[in-house]
Structure formats: structure tokens, C-alpha cells
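Just below sit the structures, each encoded as C-alpha cells.
One chain, chain A, links the two complexes that follow: it is found with chain B in the first and with chain C in the second.
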Partner chain A sequence: MGYPHKSHPKETVVLSQYFGDAEARTYDGWVKRGGYQALQKVLGMTPVEVTDVVKASGLRGRGGAGFPTGLKWSFMPKEKSKPHYLCCNADESEPGTFKDREIMRWTPHALIEGCAIAQLAIQAEVCFIYIRGEFTDPWAVMEKAVEEAYAKGTLGANAMGSGKRIDMHLHRGAGAYICGEETALMNSIEGKRGNPRIKPPFPAAQGLFALPTTINNVETLAAVPHIINRGADWYKALCLSNPKSVGTKLFSVCGHVQKPGNYEITLGYPLKDLIYDMCGGVLKGRTLKACIPGGSSVPFLNREESEGCLLDYEGCVAAGSMLGSAGCIVFDDSADMVYQTMRLAKFYAHESCAQCTQCREGTAWTVRILQKILDGDGTSKDLDLLLDLADQMTGKTICVLSDSCAAPVVSGIKKFRGEFEAYLKGARRAQVAVA
Partner chain B sequence: MAEELVKLTIEGVELSVPKGTTILEAAKQAGVLIPHYCYHPALPVAGVCRMCLVEVEKTPKLQIACATTVVEGQVVKVFSDQSVKARESVLEFLLINHPLDCPICDQAGECELQDYVFQEGRARTRYSEFPKRFNPVEDFGPDVLYVPNRCILCTRCVRFMEHAAEEEVLNVSERGDRAFIGIHPDKRLDHPWAGNVVDLCPVGSLLSKDFLHRARAWELDKTASVCTGCSQGCNTNLDTRNNMVVRIQPRANTDVNRYFICDHGRLSHRWMNRGDRIEAPLLSHGHELTAVDWDHALDRAAQIIKGCSGKGVALVSPGASLEALWLVRKLFTGLGLTGAFRVERVKGESPLPGVPGLALREERAPNATGARLLGYTETFDEALKTVEDASLVVVLDDALTGVSAETLARVPNLIYCGTVLPDAARGARVILPLANVAEEDGTFVNRDRRVQRYFQARATPGMARPAWWVLSELLQGLDRGESAGVAGDVFDVIAKTEPAFAGLSYGALGAKGAVLPDQATAGARA
Partner chain C sequence: MSAHDTAPHTPVFTGVVRAKLDVVLARYPTKRAGLLPALWMVQEARGWISDDAMAEVAQVLELTPAYVKGVATFYTMYHLHPVGKHFVQVCTTTPCNICGAEGVAEAFLKHTGCGDLGATSPDGKWTVIEVECLGACGFPTPVLVNDDFLENVTAEKVPEIVKKYSA
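So, the complex of A and B:
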């Protein structure tokens, strides 16, 4: 974690090593800590060589989808006939996720270095870092860091004296969750309404300004300098369970735990240990009821599933959820799962971009039904209706926002049906003021 | 170069279509209309309504037919359980916030939401306990109202304004189920082509003020016509109700106007119903005009023409049919003819930028090119100065604006053929009442030399008759031709005798017309 508490001994501290270390934010401080050596090294390599190192490392996208990073880079045209772009997705808006925020706040140069390396690998002279609008502090830190990197000649027309151009622009979001979807993010940078685009064409063919584009998450890019410095084998060896999931991962833990915060663990680490050991367990006198391991878009895990879950891409799926963005939301036995489900659905209903019919209408309808159940007016038909709507909201739209709304509803009803039925029978009333 | 073809199967029908075709377009060729809302062939694909979801074998998820291109060997199922269920669900979602006010909605009867719900929707909604979204009606522009409650956010209007009109005044505002079509706060939807958003709207959300509550869709008869608003020759449909033209809509012709017409053309239909028409042939008796029957009138006209010699002047309208213009010319056989017309010009074209070659043109008449091809020249004022010396003057539906009665009073033999009777024409010896464009069949030649047919949409008032009938009867009386049974008879003679129209036939013109070959210069003989 590193901030505000010291790291837990069982954490594997790579990205979070300098969290809380104010000097690491400055250019000189970062160089003193070994910064920009990786970039220096990469400036002497060919794009294919860089991509191959990242491929060999087994690094997968940390934004949620877990797509192999090196493979994604290799989709970019080898023969550059028109400008290429790199987009860094720093629009971290997934409820429960706050890892990119800390990376930008404490180690802005790690991100800048990662971006610069990725730019060289995909032959993109220009990178846009799209930062969530609400991130005022990270924005200020990043702005200063980019300014410094330019002043030091690390960025610009002659990056580190190599003769190569590396430009970086910060772009500030305006508060829409959907702009974290990669093609919506590109539309947003282009000055358009942040609506996801139909794919194909994929970004590597026609992305930002209809030119070949790669988009990576902050955490993915921040990990790249470490891989370059320490080698693909070192990174690949960071594995506790499935060999397809390697490296370290920042978990943002929030909810009913003693010590919420960001924890960096090696993939494959048990969720049980994360909650009970690192985070000090649930609040005193309570017991664990449920957990969302990967940000608000993924299904709930109940207590048994949570306690048996290994935190990597495959382990979360096996347990019945997904690793997602690793925003881990913990619920103890005081949580009202019907309310929690409604609250999640309400978020998606609010954030739907309104393009696809199922999403625009389905998310809002879902919220109304859940609200009705909470108000004590639900009937037995409502659960079937919710599940039927969720089925029609899954896999039928341009992006997965609609699916993300359906996931907690389906898993909520499946895993906590008793709580829903208690409302339907009138045996339970909403405890919290439902807003 | 041969186009590369892709073979696939849609609903059991095997077909080959050019590479790059979408499943939706390919399905049309297989005789299957895949239900859709946001897709429109003239607009960029949006893929947002999710109505055209179909099952493609070996693909786990349903695919949108509008954005998925065909692949060799693909097997597409439009009516599989999965896709029918998906569309039923989209319809249910669309209806939860859609008012069921069809009884007072102008779109009812030609509403794609109504049609597809009837075809594939659920009998009952499950959204019964919650209020529907409500937003007040907005005044978007001179002829467009926005009824947000009925909007299904297909974004056709937004895309039309962005990509066809290239004037971004509409957008999708807000998010989620609060979304609606927004208009620029400082602008109106007053682009000269803005009215097309009303046609593009698949539901009754964008309405024409001109047509508001004027008719139910099922009461309308549609007749193929050609716009008379300018020389572009946009293809139109005249919608009539109780013998009145109540609406003009574009008729698709990919070679001329694609799917669009401008507002000037769209709104120019009231004159077609005007009530102050000449309803009987009139003969002058001293200072009186007397209504007579056709035989009588045509005999008198023939007598007059037979008695003429020397010079003749024809003052014609560039809004008259090719047939009428040609027959009038024939009346002057043996006389030295000055054939002249004038045409209204409005400075500045109003193009639809997204469709090259399409604009509201400066020349505001549908058949000036036809008149020129038949030897008429734009010399109305000069010709008017010579009428005193002419033994015969025939006016074909020129409104005679600015022409004094005294000028024409000095004409010894004036025959006026027209739809309405201007004061200046009251001195004519014979007045022959004609049908207007909505009341007859005929052809126009547009500025790009395309010959296009228009059809009769309403009955003529009183005894008025189409010019092709009146004039061909008159010519028969003069032993200069045969009486025509239909407009096409006249056109086919034109095609045989006028080099510029060689090779054409009325039947072969069809609904889309034919372009005259370039080298065929005018039969300029007059």
C-alpha cells in the first residue's frame, strides 16, 4: 500500500513502492530511484524487440479485460504509413476502483515512462492521457510531471537526445463513466459525445482520428518500465497460481474492512487472505457476506465463493466472478444486498450513454423494479422479470455497460434470493433511506 | 472489372452479393426485410437501435445486420428463436417510454414502431406500474415539431443534419433514459433541406407542421410525381386525400435526389388545389366570355388557326409537360414561329452538401430544359414585343404576370390554354382549360437532361383536361396528327420524330427516367 499505511509484508511491492514518497513525484527524485533507465534502454531497441519483451513477460491489460498487452501492441501496423496514437486510459471511474489514481498521484513519471516506451513500441509519436475529470489532484501532479519531463528533454522532439519525437498530451474528462470505454474515450478526445463505437473497425486499424491506435490502462503502462528493467522472466515468475496470470496487481479494497486501501499482490493470491490478513478482516463483530472482486461491473461472490477465490483472471472466473479492474468491494452481514444491487444498477442507469435500446431503457427499468421491491411493493413475478431483462441486456449492445448492469442483478438474485424474497413477503423493510 | 461476389445463405435462401455488402442489404435481395430503426441507406451506420439483431451461425452473439458485412459461406437466421426474442425485447424496451397515443399521432399507419410491434412485439407490456418519461413538445424549426415522448433515439435526424445537411444543429442530449434529441440553443432547424428529418423519423417524433393533423396515413393515396419547384427534378410522391394534395414526400431515386427533397419543393402543393380554376372552355363573344363544350371550343380554335398565315408567337410555360410543349409547336406548322418562355430565377442555390449534385436550383421550373430541347428560347420579353405583328399567338399556361391586357388586346388571334385565367388573357378568342401537374400524366426534362414521368394524382376540376388531350384533339381537327389516347402516345411520337429523344419510349422511362445522350443536341429548329 505505502500510503497512508506502510505496505503489508505479504504484498509484492513493485508499482506501489513509492506511494507516499513525495520526492518520487519529481523528475529528479524519480531518476534517483532508477527512473527513465528503461526508456533509455528502449530508445536503443527496435519496436518489435520492445513488443517481444512485453509479450514474453505475460503482462495482461489491467483495465478489466485482461487482454495480453504485447499481443495488443503487435496488432499495430508494422509499416507506418500514417500517424499512430497511444491512448492511456486514466478515466478510472469503475465504482470501487482507485488504483490508477494512486499511481498518478505518487509515481507520475512511472506512467510517463511507460507511455513513452509503449509509444516507441507502437511507433506513436503522440500519446493522449485521458484523465478522469474528478481527479483534480492526480491531474495537477500529472500536469507538473509532464511539464518537467518536457523541460528535461525526456519528452519532445528529441527525446533523451535520441532524435526521436515523443509527445504527450493530457486530456481531462468531463465526468462520464462511459468515457472509460476505449472507443468512447477516443470520441471524447476527438471532441465528440463520448459514445462507444461499433467494432470492427478495431482501434489498431481505425482508432483515434480514424488512425491506428493502441489504448492501455494506467496500471498496465506503469508496469512496463519494470519489465524492461528487470526482464520478462522476472515478471513472468511473479505467479502464485495460473501461469496465464502473472505479475503484480493493485487491488483497491473498500467497504466493510478494517483497513481499506490499495494492496499490491502477486496474481493468484487468495482473496481470503487479502480480506482477513492484509485488510484486517471485516468490522468487529461482523461476518463476511459478499464480495465484488473486480469493480462494480462483475458478479457478486458470496462468502464461500469469496473465501475460495484466487485472485487472478482465471481464479475469479472459476469462483463465479471476474478480476475486472480489481476494485474489491467487501460486504459484511449488515449489508442489504437488495439495496446494494439497486444502488449498483442505479449507477449504470445514470451512466448509460443512451445509444443502445436495451441499455438505455433496460437499466432504468431495472432500477425501478428494484426500487419497488425495496419499497415493499414487489411481487414474485418481479424477480423473473429482472432476470429476463438482464438476459436481454447481456451480449446485445455495442459496449458492455448494459452487461455490467445485468451482472450484479443476476448474481444478486441468484446468490441472495432469500433477501429478495424477504422483501417480497413483506418480512423485511429497507433499513437505509433509499435515495 | 468484375465485382468480387460472396456467397451466403439467409433464411434458407442462397445468394451471392458483392463483397462488403451488409447482411441487412443482402437480406433485402433474399426477399427478407430485417426489422430496423436506426439504419437508413442514405446515412452512416449507427448500430444503436439493436433491432436488426440476427443469428449468424458459428458466431456466439447475435449480430447487428446493419453493420455486419457478409462473409463467404455465412448462414444467417433472421427468424430463429433467439433473434425473434431479441427483437421482441427491443420493442418492449422501446415501448416502455413511448406513449400509446397512436390515435392522435400523425405517424400512425406509417409508423415503423407500430408495424414491427404488430409483427413481432409482445401482446402486453410488463412495464405497467411506472410512469412514462415526459417532455414537452418542442418547436424545432419552420416546419418541424419535436415530440420527445415518442422519440426512440434512433439518431437518424442527428445523422442527417450532420452528414447530409452538414449543419450540426441537432444532437443527443443527456444520458440514459433521460436522453432526448437536443437542438443548438442559438439555432433553429431551418436548413433548406431540414424537412427530410420528418420523413427519416421512423416514429411520430418529428412532425411536419404543414401536415399536422391533416390526414391519417391510411386515407392517403400516393402518386409518383416529379417536383416542380426547380430544375433539379426531384422524384416525389403526391399524397392525396379526398382529391386534395395534402403532402409531398420524396420518392427514392438514387440517380437524382436519393431519398430527399428540399423544403421549398415539399411545401409547394397548395397551388395544386387552388379553387379559382378555369372549369370550362370559353369563347369570346364581344366583351363576354361564354362557356361552351369541348367540341365547340376545339372547332373554333381549329378554324382560327386555319385562317392564320405569316408569323406566329407561342408564349409557353417551362412548367408545362414536354408533350404540351411539343404539341403547341405543331400548331404553328406552316407559320414562322417564335417560341418563347420565361423562368423564375432565385439567386443562389441551396445544396444538400452530403449528396453531390443535389440542390434547390436557381431556375425554378421543372421543364426549362425540355422547352429548350424543343426549340423554345428564353426570350419572353422580346417575343411579347412582336405579338402585334403575329397572326396567331398561343399562350400555354404562362400566368401573364406583368403583361398588360392592352398588349394582348392588339393580338388578332389569341388562344389561351391554361389552368387559371389571368385578366390579361380575357381578350383571347378561345380559352382552353388545362389540367395542372397533379391532374395529368406527362414528362419533364430536368437540368441534367433526365426525362422523367409524372402521374395523375387528382381529378381535374370541371371540364379542364390534360394539355396532351386538348392539343392532340385540336391537331386532329387540323388534320395535323392523331388524337392521343394517353400522354404516352404523344411522347412516343416525340421520340420518333425529335432526334434529341431518339430511342426513348414512354414505357421504358419507368419510374426513374432516362438520361438523354449528350451528343443529341436540341432539335433547335424554331
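So, the complex of A and C:
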């Protein structure tokens, strides 16, 4: 549902069906809407059976990397010799992305049910839901929902009377984008600085508290109850283009569109239709200049590339970008691409955890060079310097934050070189954006 | 106890707050894991986290004060010095930026009398900062006033918001 707008007829409404419906937030309201039937069913299945259904569904991680969810679950030890953990990644901080916020605000029990099912599949008695510190409303809703689920006996030592233990706790972040990176998130729960860890070991071997751990995004987990209820074949059939990209996906659309919001589409849907039809197009009298389809960490698409892009993992790559977290940022012809590239780099410079030199220094220098260009002091060598720096920042660090800073810089220079050159020639001055 | 006390440190983790921390600690296999929650509890009680408070947290969780400070300084939401009664966070990252977010931040600075980002207004009521993406980019510009998450704030709406919180 194009929350906060009315549903568009071309959406495929699964996860977002109850966005805006306050009654769906309550335990009873959720049960009335079919909630907790999937969990009941899974309580009668073996962990391998549950994992196999998710594997067969083709569900891929919605946190950014698109890793097959069932396969990830299958990496957990089958013979449990020590405690296992599930982490739910609700750190949602990737610029352009605001879908997990709505899932938690409107359908908290969908997430709780998804977590509980995943816990049974990977034999984890405890789940930590890591919610970014700024999400005060989602926190309040989730806290109440978890309390209710405990009070109803759905969670706890004897979940739904099954004799199985399912515990779930919220853990509040404190302002750090990097804690969305899975191993940084685990460090953060452990009471450490949010520095990503070198892999291997991977979380399934040594994750939270060095114990076997699976981590999934909010949207990934919220999709699981639907797959259990309606079957892997139903989910797999939700596909408009490449059979490797199936299911529905929430696209958060923001920036210069008439109706920003969360739109749920079947993967493979054209980006052109998302922008012009569902979102009502760019603002009046303006034209589309660029789009970042997958959150700020993926490359810019220019207008032509955007209009030819199919929204799935492969389609976004073919168009010259990535699906990422599906945070779609739309820029019209009023946007100053040099200034906005600097502003994106500034985000990464601010959020770098600073343990890798290429990232700490690279992000900071990228901002400085871009600022110099904006100030009218750039020279023709600066673009090459930025590209060289971006090269040094790609594929060389513990996590990909550094690469994510390089992506908009490289694609910005490549696709909007004329705007950079206008600054270098002194033909352009920076302006603050207005609505 | 005023929310933004700067008087000598009196322990935070006594009575109900201590009991609350114990409930949280029971969820984790290590005491260290209680660090982020404990720092939140200090900030809730005192409005900010002083060096003395960090030393208390260290003692309660069996860590060193230096370790606690190392962690507290990593996370941007912990206030390591006193801030205004109304702490305003305005997102100015790209998606909000192209929708006029810098104008919203400027309007807050002007109408609260803060003057500069990060500075507290002379009456001690306001501190305004720019922050990175608040995860609500479809509602430009989101603004946090303490724990109140406001959506679709424009520069024009700022005077009204400031008036409401000043009342």
C-alpha cells in the first residue's frame, strides 16, 4: 500500500496490507486478520522442514545484499551444542529507506511472528530486535506488541503451549549507521563500539557472543509468515521478470515525487511506472534528472537508465545500479548533483566507524575535495583525484561503507560530468535546495 | 531532580532504576551487553551523561571508566555535555536536503534563538543540531524534538512548533 497514500491498483499488497490500520497493531486485531496461524503451523514442523519451505520460496534478504534467506538459515549448525541467536536488523539508516519503520509501526505482530518462526527454524531460543535509537514511535509500538505476545503466551517458556521457548527482546541503538552492518550490530548488542568484524568467521559459526547467529532484516522476516501460510509456490510465482528475483518488495520512494511513500510491488516492476504512475511523477513543471533505486549506497541512474530499469536484483544491475535496500531517491532537474554528491559523501564521512584507513581518510577527503569544487576552487585534476580516491576505497576495507561512499561519487562524475565541469569553469555556484 | 542537572553526581542506579537495569541484564550472557541500555537509563534520568555517571556505569557493569567512555563517544545520541531542555534533531541528508531541509534547520536556529548548530539558547531551552538520515525520508523533513518524531516539517511550520514546545 502506497502508505501514507491510498493503495495503487498495480501494487501487490502483502506486507503493507494493514499499514494505517491501527487495530492491526493489537494482538487481537492481528489474530483477527489471520495472525499467528503460521507460527502455530511451524510449531508442528521440524527446523529443516521450515527452512526448506523458505528456501523453496526464493525469498532473498531485504536488508540490501539479497542473500537467499533459506540458504542463510541452513548454515546454522543442525546439531545444537550451544545457544543459538537470531538478530533482527531494525537499524534502518540507509538514506532513502523507510520501509522497516512502517512495518514496525503498523504490523508489529507480523515481525514478531516472522522472528518466532525464524527462531524455530534455526533453533534460537532468543531473538534480539535491534532498533535504531531515533525510531521512538516504532520502539513504542514494538515494545507494546512484544509485551502483549508474552501476556498471551505466544512468546515465553511455553510458546503457544508447545513446550518450546521463544524469547524476544528489543535492543535500542544509539545513533550509528554502521550498526546496520551485521557484525557491527552484534558488537553493539554486546556493549562494544559498533565496529564491523573481519569475516570469516561468519555469524552462523561465531556471531553474537561468539555463538551461532543468524541475522535478517525486518522486511525479510515479516515476509516469512505469508510464505508459511500461502506456500512456497505462491511466493515463487510472484515474479515479473527474472526468476531469481521473486516476491513482493516494499519500495520507499522519496525526493522529488508528487506522492512519496512505501509502494509494494512484485519484483520486476518497471521503475518508470513506479515514479510516473504510482508516485504521480516528479513535481509540476520539472523533469526527471536522476534516480538512486536502492538507497544511497548504490550508483545513480540517469534519466534514460531510470526509465529503462526493471526493479529486481538483476534488473537494477543491468541498468547500472543495484536494488540494495530499495530506497528510491528521485531527483528532478532542480537538483544540484555536485552538491548532493558532496552531501552523500558527507553522510559516509560522518558515519565511518574509522577503523579502516581507506574509509576514514577516503570519505573525509572526498568531502573536502567536493567542497573545494563547490567553493569554486576546484581544478581539472580534482575529478581524476576523486576517481582515484574512489578506486582506493573500493573492495579494500572490512565492510562496504567505504565502497558505498565511492558509488555515488563515481557514478555522479560519470553521469553528470557537465555539472562538475561547470563548477570547475566557474560557470556555476552552489545553491541551497528549496522545496 | 531537574532533567538537566549539573550538580555533583548522585548515583543513578538505585531503587527502581537499578531494578530496571537488572531486568535488562538478565537477557544477556554478559554484563557488558547492558552498557547501551545503562547509558540510555542515565540519559533518561539526568538528561546527559557526565564523566561521573560513566564511572558509575563502569562500576555497576564491572568495566573500566575508559572503556565506557570509549563506547559512549562512539554513539552520537548520547549527550556527553548538558543540552537544552528541547533537543532538536533535523535531518539534512540528501533525500530531505533536496526537499528543503537546510531551510528547516535554519528556521529552528532562528526561532529558538540558538544561533549556531549545537549551541544551546541563552535561556537553556533549546539545542538544535543537524543529523543524518532519520529513516523517514518520505516525510521531509522529519525532526525529532526530544522523543517526539515530527513528520513533514517545513520552514513555515517551525515558528508554530517552537511556540508549542515553549508554552
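One rule holds in what follows: the second predicted complex is superposed on the first by the 430 of 435 C-alpha atoms of A that agree within 3 Å, B and C clash if a C-alpha of one lies under 4 Å from a C-alpha of the other, contacts with A are read in each partner's own complex, and residues count from 1 in each chain.
The rule we apply is simple: contacts are C-beta pairs under 8 Å (C-beta built on N, C-alpha and C of every residue); 3 or more make two chains touch, one makes a residue touch a chain.
Predicted model only: the values in this text are computed from it and were never measured.
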Task: Touching partner for A:Arg101 - first (chain B), second (chain C), both, neither - done: second
TODO: Examine A:Ile198 and indicate which partner it touches, taking first as chain B and second as chain C; both and neither are also allowed.
DONE: first
Open item on the list: Touch test for A:Lys396: chain B only (first), chain C only (second), both, or neither?
Closed with: first
Task: Partner chain(s) touched by A:Glu92 [first = chain B, second = chain C, both, neither] - done: second
- [ ] May I ask you to decide whether A:Leu385 touches chain B, chain C, both, or neither, giving the answer as first, second, both or neither?
- [x] first
Task: Touched partner set for A:Ala176, first chain B, second chain C, both or neither - done: both
- [ ] In the overlay, work out which of chain B or chain C sits against more residues of chain A.
- [x] C
Task: Which superposed partner A:Ala364 touches (first chain B, second chain C, both, neither) - done: first
Open item on the list: Looking at A:Glu351, would you say it contacts chain B, chain C, both, or neither? Reply first, second, both or neither.
Closed with: both
TODO: Would you mind listing the overlap between the chain B footprint and the chain C footprint on chain A?
DONE: 176, 193, 350-351, 353
Task: chain C residues within the chain A interface of the complex - done: 27-30, 32-37, 39-40, 61, 63, 70-71, 74-78, 89, 92-95, 97-103, 131-140, 144, 147-149, 154
- [ ] Spell out the part of chain A that touches chain C in their complex, as residue ranges.
- [x] 4, 83, 92-98, 100-101, 126, 132-137, 167, 169, 171-177, 188-194, 209, 252-256, 260-262, 296, 327, 329, 331, 334-335, 340, 343-344, 347, 350-351, 353, 432-435
- [ ] Going by the contact rule at the top, pick out the chain B residues touching chain A in the complex.
- [x] 45-51, 53, 60-62, 64, 67, 85-86, 89-90, 93-94, 96-97, 126-127, 129-130, 152-153, 155, 171-172, 174-179
- [ ] Mind listing the chain A positions that touch chain B in their complex?
- [x] 176, 178, 193, 198, 349-358, 360-365, 368, 372, 377, 385, 392, 395-398
